[in-house]
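Chains here go by letter, A, B, C, D and E, matching the order in which they are written, and residues are numbered from 1 within each.
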Amino acid sequence: MSSRIGAAQKGLYNLTVMWTFFHKLGSPPWLYGIAGAIVRWLLPLTILALLVGAAWGLLFTSPDFRQGNSYRIIYIHVPSAVVALAGYYVMAIAGAVSLIWRMKMADVAMKAAAPVGAALTFIALFTGALWGKPTWGTWWEWDARITSMLILLFLYLGVVALYEAFDNKEAAGRACAILSLVGMVNIPIIYKSVDWWYSLHQPASIKFSGESAIDSSMLYPLLLMIGAFYALFTCCLLMNMRAELLQRESRTAWVRRLVKPDGPR
Amino acid sequence: MTDSAVGESLAEVKDLGLARGGRVLFESLSFAIRAGELWQLEGGNGAGKTSLLRILAGLSRYGFDGLVSRAEVPLYVGHQAAVKGLFSARENLSWHVSGGCVFADEQIEQALQRVGLCGFEDTPSHALSAGQHRRVNLARLFLSEARLWLLDEPFTAIDAAGVSELQERIGGHVARGGAVVVTSHQPLHVDHTVHHLSLDGARIS
Amino acid sequence: MTDSAVGESLAEVKDLGLARGGRVLFESLSFAIRAGELWQLEGGNGAGKTSLLRILAGLSRYGFDGLVSRAEVPLYVGHQAAVKGLFSARENLSWHVSGGCVFADEQIEQALQRVGLCGFEDTPSHALSAGQHRRVNLARLFLSEARLWLLDEPFTAIDAAGVSELQERIGGHVARGGAVVVTSHQPLHVDHTVHHLSLDGARIS
Amino acid sequence: MLLRRQLSLAIRRPIEIGNPLVFFAIVVALFPLGIGPASEQLAMIAPGAIWIIALLSSLLTSDSVFRSDFDDGSLEQLLLAPQPLYLSVLAYLCAHWVVTGLLLALVSPVFALMLNLPAEAVGTLMVSLALGTAVLSLVGGIGAALTVGLKRGGMLISLLILPLYIPVLIFGTAAVQAAVSGAPVGPFLALLGAMLSLAIALGPLATAAGLRISIDA
Amino acid sequence: MLLRRQLSLAIRRPIEIGNPLVFFAIVVALFPLGIGPASEQLAMIAPGAIWIIALLSSLLTSDSVFRSDFDDGSLEQLLLAPQPLYLSVLAYLCAHWVVTGLLLALVSPVFALMLNLPAEAVGTLMVSLALGTAVLSLVGGIGAALTVGLKRGGMLISLLILPLYIPVLIFGTAAVQAAVSGAPVGPFLALLGAMLSLAIALGPLATAAGLRISIDA
C-alpha cells in the first residue's frame, strides 16, 4: 500500500520534473545555455570520432577486391545518407511538437534542422554520384534509393525555401511544420512507390548485391563514422539553434546582456 | 442622443500589446465592446487600427500579447472589397463566401437598392466604378445578422450621399442593440454616443 | 485668393462624350485646363470621374467621341497605388517605372520625409499600412516635374494631417504655374480658386 | 453552395472551359514534335507523357486556387464564415479537380489515340487519371494554401508539391503500363484509391491550417 | 535602369533565384519517373524532353511578366512614362529571359547528364537553349501583353503562344539531335539566330501595342 503511494508520489514527482523540464525547454536563455554547453563537449568529441573513423577507414582497411580503393567513399556516403533520412524525422517531429504544443523552441529546432539535413542529403547524393562513375560507369542512375534520396533533397529544400519566403517568422515556422508533416506522411509512400516502380521495370539490382558480404573490418569503422555523423548532425543542429535564438530574441534583455555584458539593463 | 443600458459584452480584450517591425503600436490595452456601443478607432496612418481590428476579428491569431475573446462571429469589412470581378453584384452577395445562410432574392434586391446599385445588379463587378465596387461589399451591412460589426474605413471611395446613408445604417444597428467598431479618418455624424479609442498614444478616452 | 493670369493650355477637350455599359456618362464636354488652374471633378459614384481622368491622361484612347489634346506627359495618380510590395519605399521611387529621369537620393529622402514616411524608407512596402502604402506613391508629387497633375482620389486612406499637407502641396503647385485636376468626395481646402466640373449632369460651373 | 460558386467562377466564360483542353492538346502535340514521330516509340512513352501533362497542368493551375480570393479579400471572409473550413476547402479543391483533372480524364481517350496508346489501356487511363488527379488537386491545395500569402510565391509552390506528386505519377503510369502489357491493374487502382482517401482525410485539414497561417502573415 | 529594377524584383530573395532551377530539376526527374529509367530510351528522348521543359517553364512564367504590374497600377505608369515603350518592354522581357531561359541554359549540362545525353551534344544544347529561350521570352511577352487585362486570362495565354513556340521547339531539338548524331549543327543554330533577330525587332513592338490595348479595356 505504502509502496503504491510512494510510486504514485514518485510519478507525480516525475511529472513535475518533466513539466519543469518542458517549461525550461520553452525558455530561450536556458536553451541557449544548455545548447552551448552540449556543443562545447560534443563538438571536440565529434571531430575526434570523425578523424579516427576516417583514418581507420581510409588508411587501415584493405582495399576491396572488386572495387579497389574507390569503395572507401562508403565512409562518407553511407553515414550521410543514414543521418539525412533520420534528420527528416527529427525535423518533422519538431514541427509536430511546435504545432501541437505551440512550443517555440521546437520551431527553432525544426528551422535549424532543415539546412543541415539538406546538406547531408546533398553530400550523400554527391558522394554517391562520385562513386557511381567508377563502379557503374555512370554518374546517375534512376534507381529506387537514389531517386527517393533526390526527392528527399527537394523536400528539405522546400522547407528551407518556404521558411525564407515568409517575413513573419512565427508564421513561417507553422507553415514549415505543416509542410514537414505532410512530407513525413509522404516519405514512406515515396520510398515504397519508387521501390516498387523500379522493381517493376528492372528487377535486377546492381547496387546492393555485395552488401551482406561486408567485412567486419570495414563494418566497425563504418559504424563509428555513422555515430560520428549523428553527433555532427546534433552539433550543427544545436549551433544553428543558438544562432536562430539570438536572431529571434535580439530585442530581449538577455541577448542584449549577452552581447554587451556591461551595457545598460 | 440615445444610449442603451450597458449590454452584454460582444468582444473583450485584456492587456493587449502589439509590436510590428520593431515599433510598439499599443500596449496593455483593455476594453470590452458591449451590445449597443459604437466605437471609433482613431490614429494616423500606421497607428495600428487595421491590426487591432484584425485581432478583434480573429484573423490575426499570434504575434501579439494579451487575451482576446469574442461572443460570436463578427461581420468584418476590410480594406479589400472581397468582391469578385467576374460575378455580378447579385451573384457576389448570394454566393458570398462568408454566407453559411443564403439570403432570399428580395433581400438582396433590397440591400442593393439601399446602397444605390439599382440598375447595376447584373453588371459584372469589374465593370463597376471604384465606389460601386465597394458598395457591393457594403450591401452586406443590410443583410448580415451578425451583432458585432468591425468596419475598416468603410467610407473609402464612397460619395457624400453614400457616406451619410451608411452612417445612418451604423447608427441604426447600434440603436437596435448591435455593436460597431469603425475606423475612419473622417468624423462620424451619428445620433449616438461614440466611444473614441485613439491609438496614437494608445489611451482610451 | 490668388488666381494667376490665364496661362497656356496644358490639356484641352472638345466635344467629349462617353457612354459605358449603355449609359451616357457625359456628352459634348469642352474645356481647357490652363497653367495655374485647379479643377475638381465632382459626381457621385459611377459618374465617370475616373473615366474622364484616364481619357485626359491618354490611358483610354478609344471608345469615346470628341478630341483630346495634351501639351505634355501628365503625372497621373490612379485608384491603384503603383507601389511594388517587394520594394522598399526608397526603391519604389528611385526605380519608378515612369521615371525616365532618375532622382537624386537626397530628393527621394526629402520627398519621403514630406509624406511622413521617415523611418519607413527601407521597410518593404507590403509591410506598410494602407495609408503609408498610398503615401509612397504620393511622394511623387514632391518629385515630379510634370506641370499637369491628374489625381484620382488622392486622399483615400490618408489621415487628416496628411490630407491637409497634400492640399497644401496641390495649392503650391498651382500657384507655381502648374495645373491640377483632382477628383475627391471631400471638399478641397485650398488657397486658390477651384473650378468645379460636376459630372452628375455633366455641366460645367 | 460554395462548390457551385467556384464552378461558375471557373466557367464564367465559355472560352475558359475549353482552355485547359486546348492546353493539353497542344502539349500532347509537342511530344511528337520534340521526340520524333516514330509511333512505337510514342506508344511506349504515351502513359508517362499523358501523366506528366496531367501533373503539370494540375501544378500550374493549383497556384491560383486561392490566389484571387486572397488578393481581393474574399479569403478573409471565408475564414470568418460560420461553416467549417474543412468543407469550404474541399469545395474549392473539388471545383479545381472538376475543371482540370476530371476534364482531362474525360478527354484523355483522344490524346491516347494521338499518342498511339493501345485501345485496351484507355479505360484504365481514364479511371487512373480521374482518381490520381483528385489526389493531385488535394495535395496541390496544401501548397497553394501555404504560399498564397507570400508576396513572391513564384515557383515555390512547384518545389513544395511536386515531390508530393511523385507517388501518384508512379502508380498512375504503372497502372496504365500494366494495362498495356495485359497485367492486372486492380492493385494499382486500389493504391490510387487508398491515396485518395488519405488525401481527402488529411489534405483539406492541412490546407485549412495553411490558409489560416497565410492570412495572418 | 528598368532592367535592373526587374532583375532585382526577380531576385529580391536569394532563395528566389534557386526556385526555377529546382523546378527544372524536379520536372527533369519526372520524365524518368513517368517514362521509365531505361537509359538508352531516356537518352533518345532527352533533347525533346529538355526542350519541352524549357518551353513549358517559359510559358508558365511569361503570364506573370506584366501581371503584377497590371494589378498594382504600375503598368499604367509605364505607359505614361517618357521613355520609349519598346525599350521598357525589352527590359522586362530580357529580365524574364535571364531568370528562366539563360539560367536553364547554364544548368542544362547537369540535366543532360541526368538524362544520359551524350556529352558531345551538351555544347549545342546550351547554345540552342540560350538562343531559343530568348525567342520564347519575346514571343511569350506578346501573349502576356494581350491577356494581361483579361479578368480570367487563365490558360488563354497558352493557347495564344504555344503555336508560336513550335518552330523554336522543332529547330532546337533538331540542332541537339544533329549534334548527337554528329551532323553539322550550324544551320539550325543560324536559323534560331535568325528567329531571334526577327523576334527582337518585332516582338517588343507587338507587346507594346498589346499593352496599350490591355490597359484600355
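The rule is simple: a contact is a pair of C-beta atoms (placed from the backbone, for glycine too) under 8 Å apart; a residue touches a chain by one contact, two chains touch by 3 or more.
What you are looking at is a predicted structure, and each value in this text was computed from that prediction instead of being measured.
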Worksheet item: Given the touch definition stated above, what is the smallest step count connecting chain C to chain E?
Response: 1
Worksheet item: Which chain has its C-alpha centre farthest away from the C-alpha centre of chain C?
Response: A
Practice prompt. Tell me, please, which two chains come out on top when C-beta pairs in contact are counted per chain pair.
Written response: D-E
Item to complete: Calculate how many whole Å lie between the centre of chain A and the centre of chain C, each centre taken as the average of the chain's C-alpha atoms.
Response: 57
Response to the item:
Chain-centre distance (mean CA atoms) for chain A and chain B, in whole Å, is 48
Fill in: Centre-of-Cα separation between chain E and chain A, whole angstrom
38
Fill in: Residues of chain B whose C-beta touches two or more other chains
62-63, 79, 85-86
Worksheet item: For chain A, what residues touch not just one other chain but two or more?
Response: 151, 154, 157, 161, 165, 167-168, 171, 194, 197
Response to the item:
So chain D residues touching two or more other chains come to 12, 71, 152, 156, 159, 162-163, 166, 170, 216
Discussion item. Could you list, by residue number, the parts of chain E that touch chain D in their complex?
Written reply: 12-13, 16, 19-20, 22-23, 26-27, 29-31, 33-36, 41, 44-45, 47-49, 51-52, 55-56, 60-61, 71, 152, 154-156, 158-159, 162-163, 166, 169-170, 173
Worksheet item: Given the complex with chain D, which residues does chain A contribute to the contact?
Response: 99, 151, 154-155, 157-158, 161-162, 165-168, 171-172, 174-175, 178-179, 181-183, 185-186, 189-190, 193-194, 196-197, 200
Item to complete: Spell out the part of chain A that touches chain B in their complex, as residue ranges.
Response: 168, 170-171, 251
Worksheet item: Which of the residues in chain C come into contact with chain E in the complex?
Response: 57-63, 73-74, 76, 78-87, 91, 95-102
Worksheet entry | Residues of chain E touching chain C in the complex | 1-2, 4-5, 8-9, 12, 68-69, 71-83, 88, 212, 215-216
